[in-house]
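One structure is given below, encoded as structure tokens.
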């Protein structure tokens, strides 16, 4: 029995409110249960050095948590002088995940920056950031097309992410914090809209896991992301 | 005529949604027009060095803007390695303003930290942070009393803040960004619930100002904060 | 009775020694009682990004205290890795104050940087820095004119600053440290040579202040800056 | 055909030279082809805050590359002011991987720090660091036992890691840099001595991957780590 | 012929004004020609970790230049985020030089910090800092004795420093900036009051130097420091 | 009697293994007893600002120790946020020492960066870095010539360094750590292949030293560097 009373294959309620910010080219507030993330896509002219004069675009991400997104107040990263290793690791994942669905030549030599700021955390923040980040990206790209800046659609697919894990001996979908902190195995799956695997991170926290467990978790992730893809499509239509 | 069509003494619509965050002891989302600030009050045991073993409490604040709270994306302060001078100046003001309404002996040797994070900026963010910060502080202090941690109420008054300025030759209340960036004089007033002045910052941006202008701005600020005090009381009751 | 025995409207003795540094285009050592500040104006070609190719100049300031300017040794800011919030707040004020008296088009696309380094502190350091900073600025600008770099005088007025406060229930001019640390209200006034208000910062440290107190402090500040303007004129003539 | 001429399931030659450093409690130089990593285990009394007075030990890791471990010189991280996101992400992985084989109660309240410094890089540095790190850890733990500091062996298993990927449409074992930079899928597997999965990171660089590919990569990783476990045992015996 | 017209063995005029700062336990402004350094000695209770509970004292130094001590404005080190390598190297030298004349057991477990701030630079700043630093140290130690904090005098000798160099083929004493920047060999000698060598740093800037040159420079340094020792004694008596 | 049983004028065994790194244009592992340093020379197009468009080259160095090069683990400098003062001082010395043997016009407008990373420390690390650094520099310059990038040889001499000191009342050559930490005088000599002095640093750690001691140490250094020059020539031939 899960602490929340959910079935093993049951996600938390997910809502996506688009246009949450006034200024960003694309934005949303995504809520996965009590995990709330503001995702903002900003379109800019400057690309990283390695992309200059290549005609290719770039997508990158920054991730942070408000100090009181968590149960006890965390130190503000700007006061600490640098983002934590955890934040950097997560934002690198978000960037890779969202780049996977973009044709960089069609995007052209410009950069879209995704800012994913967690305002309330209850497990699965990186997955919510990817799922909501895609929505913000979709909206920003659409505006580029509507403004006639780019002629074709550089978004070649959807991208969404969900966590799975082994909790109390059972494979479960979409861990909340109370499960995450007790799980034997914790994993994050990034998939594309056709079910292709984009990225997979799976860690044993207590006990090693078997190939069978991995297959179970993957199946759960597929069913979860199928739901998320539909929610994304609804949000941006 | 103001860009927004408001009368000179007309504030933007203000709303205060309490309990916006799950974990903070007190929190709200305050919206002053298109300026939106999340205010979170966190109660902790650790006081600054200069308060150790004095039996006296402390109230402090941190202020930041999400990178895309503004029209063009700003650099994330954690990536820059430190808060900007502007952020530090503002959070010092918020801290002073909110300490003015707290009896530190009654609070006892504990610290309340106010995190004021601007998610959408349209002028007057520091004033919104103070006004919303008081609400978060009120809620956190109430919880301390309800939990029996402190016996008496350390909040001796309300505190609210509003900007005023001279725009197009007229004294106006509550500048939005389009006014702020064109104003001749820009000022921020912090008052307490009995109309006492807590802090006053007044800068000429283009032309020096006279004693008469100062008096006019002060009168506008009094009428504005009167409204805010009522909104605060409604929010926390 | 003030600790120093001064009348309520009596400033400390002020002296301004110009040419204190060999290399700076303009410099002085200003002493306001036991508050001693070295002010240096450096003329450079580089303007901030937002002024590039505008034909307009810029004036900026940096402020710091030597570690042993104070009663107990303070940590050197370079060792701490960044200027304190207090230093940043003060140098922003100095910059705004001195920009107010400069016609940026006449100055042309160049920057003057004011370095204000407190070597001995006894209250009122930011005001001394502004008053002395104007002298250094005046000298540096004069040199630009003498060198034929600029044809007309970009300095459109004088700028000076003085602190006032409510100490032991009395409005007093030019607080020294012993008064400052006990004052109920602490304020800094920046005025121009024609009595126009440039900037006003007024904080209640203990008790809120009334409109009448504000008017009293303003009158004191006017009389104080009148003296300072004359001292500035003598120093640069 | 792989650039190196290796079979798809063929690892590069691996050598492990123990005692490479004079001072470390355990150390080795591991060479996996042209990837060379110095691994040093340091035993200390100080545990992280969250382990104080718990009686439980901790294992942590730091990872870095010498500036000229790579084809073009990289900026030294100490000059950059902080470790890169990549370094932090990798050292977090190494730490998790090596903690998985330690019984923290048996280790007792002490910390072992693994320093993994890459002196020559040719792909697979994080895997080499984990495999060599285990050897250094084994030696440091053995010394603790020989010195009578701990009575029982806290190492409950071996840990090793290997990269796999899809290169030119084929699943291959142990990518070198020339393969890594061209691979469609890049993955790192951490396994324990009984074939249990400790951690799995799998990223599509160009094209999404299928469940079948994942299974193939996993099988390759099992055969690779079987070799590594034997090399580890030989090195420490 | 030296640019200044001085003889090869002629120092610049040196003056030492004691009590230059109000707050420091010992202080002076030392002027060696146009090189002006404020030296402040601060007595504190805190010693470095490696001296805790040893009963032994410590002497340390910090060195910096005001941004406009030099011909062109230098970046303020607090804005750069850290002291330059040059500053760190110099302050380590000053610390070693001044520790050489202190009996740490007699000083007792306390630290004296020397702040050496260059306000005007014209070559030889580190030497001026050492020579003036000794004066500040002497005054601070005397106060400790007068206050009865320590019973015996921990200062076992004088310490002074002077630069020498080979300029235009000649060995010369006390290089100013115009000589320093053109010298073939640049050296700094720290001696004690009995002529013992404390530290010697000698660098060829253009051409290697011979043993004979070294002997010549050493003889010049002896004559120069003899003068400095007398000036120090006069300053503190 | 020295702890190691060496004669007073006896160096530790020195070995130089060239080509230790795969990627660097020149590299070696130098071992001076138990002091082991990896030296890598990287050739680049970018010169420092002050060399731009001068046609002149530059040689610079960076020095660091692996955390466990020493008896107790040191904090990694990238985690501390900056190189230590000691590291900066040493790398400045290495840079000066190696620049002394390079004709910058012949090198042309390019920079060679020497990375000197100590993997095992037992005294004399800066001297080993200079001696090994020259070998790496020699190899990198040779490659530039072989590649036809430069026509003539910019290396005008050899450079090597050795430490000497006064230990137990005796002048000794090449101090190891056990001697270094107990020495009365500690010195580092940098010489060129014709016996010219490039740099000399001599510090009394406990007692001042005389001119005679200095002469003795210099003679020892000459004999030591004579050996080193031959080892360098053998290594690069």
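The chains carry the letters A, B, C, D, E and F, assigned in the order they are written, with residues numbered from 1 in each.
As a convention for this text, a residue touches a chain if its C-beta (ideal position, glycine included) is under 8 Å from a C-beta of that chain, and two chains touch if they have at least 3 such contacts.
Computed from a predicted model, the values in this text were never measured in an experiment.
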Next item on the list: Select the chain at the greatest separation from chain A, using centres from the mean of Cα atoms.
Entry: E
Notebook entry, point to check: So what's the Cα centroid distance for chain D and chain F, whole Å?
Noted result: 33
Checklist line | Inter-centroid spacing, chain D versus chain A (mean Cα positions, whole Å) | finding: 27
Check: Roughly how many whole angstrom separate the Cα centroids of chain C and chain F?
Finding: 50
Notebook entry, point to check: Of all residues in chain A, which are in touch with two or more distinct other chains?
Noted result: 81-83
Notebook entry, point to check: Chain sequence round the ring, chain E first and chain F second?
Noted result: E, F, D, A, B, C
Note to self: If we count contacts the way the header does, which residues on chain A are in touch with chain B in the complex?
What the structure shows: 21-24, 27, 34, 38, 40, 42, 44, 62, 64, 66-73, 76-83, 87, 113, 115, 117, 119-120, 122
Notebook entry, point to check: chain F touches which residues of chain E in the complex?
Noted result: 81-83, 85-86, 88-89, 91-92, 96, 100, 191-192, 194, 196-204, 207-211, 214-215, 218
